[in-house]
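I'd like to ask you about the structure that follows.
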């Protein structure tokens, strides 16, 4: 049995999405910048996709700018704001648990002379609004807080953060790459200025994303050149990708509540049964304020990569916050930020569900995982001490 | 009859390319960063594509970095070099006829405190090596000269430019977006440090490109984040696009000489017959040092957009250096740089050929274009004067 | 990313376990780095008659422990001390560059155990000349990065 439970890493392209894309990979190949009929078809298609995405965000189509992915959108929002407003101030506020696309962009800016405050989070992964208020200075130009975390699924109080940003007249960006397709975001209500999203997290193709840029917000370009995307993002458009993104967004928001209910039920079933069966297990992230598709557990005394390899051998695809999967020394910065010790962070497992996930797949995981954990614990020198009662 | 003669704007995806891409738009959807089997397949596919492209450039695979297109590659090379070397110097040399992705990136840097020299070109579109040498200063950090021009097809003496750059220990970037697939570029011979290329110009998909970055050359990232592309370009990889790019590159370089001979013959046939039939016509760009697929003609007394519209009505897709196509006021900066007057620049037509172009299509254009030009001239007040012998 | 040999040793590791009355015990690494390797030895006439291990670590750490213990079982102490991490990695048909340190851990676990043996019996071994037992907290290994 093959069970994919890594939907937060990426999702398959839905058949309807691929179908929408196909004409633009075959006969309709024109460049939207061209005047002739070959180009006009492509231009129309990009407009349709822009409308589809705008609708899901209750935004105007001219607030949506396509990019080459979520990371580009994040880099654009952050560096574009920083460079545009540097004469006003050089202080940025973000959190310790952002995706690397935000964190490393901020770290880069620090080297270029900007100051960055990384807000800590509590053990459930939430920032404190008090901390945020205290961090705002007269030269703060940007607040960037992710909507939901990609590892532990914790959902931040975006509306409250946005209100604070507004009060202080600071621009507010949110990385909603993991949220888009799960939660309703109404830009007419939500006080956000910029939102990063990415197609491949909601059954669209990889390599296409978008930045929502509220009308009137001026930031510098990241990619200069041709006049595409209202001169804000140059480069011949990835038409097929953009069309797929539009279709995927439309599908995701056709009945997002049913999607949420179905996944929440499956998620809780998976989480509860694993926690009941496997001792020395903890749930990472917030118990309630979390993405409907995210289970993140730490199994003490064992290490993530060996768990992933074992799961892979029985056909289960998952992910871990262990250093060893990436070859870097430290385990996930998110797990450390919520206060896990290195050992426990190493033993974490992320299972993320999606539209193709079935109860049967969940049952399979609940059957396969406990003996894997047990086998690895039996090999672990740390577990010995527990058995000997030294703990 | 539908005749597409705008291959320099973009090309259709070849069936073999699409076939190579399809698995990655369907079952093989894993994220290459994932450890499990779903991810491994994708990782392998990216490696294969990187090898395919490296081979065409006689480069090492670890000198190839995938991007979201040619514009991103250009921006990365230019800004990445500028920011990395700004403590060494802040002077950049480029040409007046670069693609906007290079020009506007340079103009942006000027606003950020860099100095840029824009080398002029002669009437055939070539820069002078003397000018280049004279422009190099002690604080010059980058020379960026396009390999072949996208409008007029002129091919620069890249090897000589590279040698001059080497002598002065200045990094050298070339925008080869229009060249890749037409000319052999051997990075073991050619003294270039960075090369921008883009898939959709050689029968690959839109929205994917690459930067060749010679081993040992250190520039700043444009897109920070995850560890993809050896930590030099973050973002979940556009697997299908990358696979298509690899396949397209392989196909293009399977018999590039035959390709060149076939297109050169068709090009000359088209060019010669049009120039013989239509009076007051001039060829733009270099008569010999030009891309095998590029015809750029100026028809005096008429304006480009109306020509394009008329051609479109008979099914011919082409492009023009006229302001009116882009909605901007000035005609093509390239045509002005080779010394055309505004009027004549406005009346230019670019016909670019490709692998699907047939003699029959050429015959059709040779049949359709002259009456179109005549009709527009008959409407033109400028042409009146000619008929009246005032010229 | 891993060779078949690595996966085979990861799936069916040899010599997992403990030895109650071990003649030597070595432990290296620390949980902070995500690796701990512990080895137990039965030694008769300077020959390793039995060896067992326990490892907290990634696939390559487990496979390295398994392979290293296989390679030294039945060998003399001097032969065991001559085992290099490279030999362990080679026996596994290679390890990815970022995982080479996992094999270093195996080499160090053996040395640490032999040091324990030497101390218990007031002995000296050629292969332990200049050996410094790990202090337990240092960042002894380097996850070498490409570039």
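Per-chain residue numbering starts at 1, and chain names A, B and C are given in the order in which the chains are listed.
Operating definition for what follows: a residue touches a chain if its C-beta (ideal position, glycine included) is under 8 Å from a C-beta of that chain, and two chains touch if they have at least 3 such contacts.
As the structure is a prediction and not an experimental result, all values here were calculated from the model.
Relative to the centroid of every protein C-alpha atom shown, the closest chain centre, again from C-alpha atoms, is found for A. In terms of the distance between Cα centroids, subunit C is separated most widely from B.
Subunit B and subunit C, compared by their mean Cα positions, are separated by 56 Å.
If each chain is reduced to the centroid of its CA atoms, subunit A and subunit C end up 40 Å from each other. For the pair subunit A and subunit B, the distance between C-alpha centroids works out to 34 Å. Counting partner chains per residue, subunit C has no residue touching two or more of them.
Of all residues in subunit B, those touching 2 or more other chains are 35, listed in ascending order. Interface of subunit A with subunit B (complex): residues 2, 4, 6, 9-13, 18, 21, 25-27, 29-31, 33-39, 67-72, 74-75, 83, 99-102, 104-105, 107-108, 112, 198, 200, 205-208, 220-227, 234-241, 305, 308-309, 311-312, 315-320, 325-326, 328. Listing the residues of subunit C that touch subunit A in their complex gives 2, 7, 10-11, 13, 16, 18, 27, 31-38, 54-59, 61-62, 96, 98-99, 139, 143, 145.
The residues of subunit A lying in touch with subunit C in their complex are 301-306, 309, 313, 322-325, 327-329, 331, 341-343, 346, 378-382, 384.
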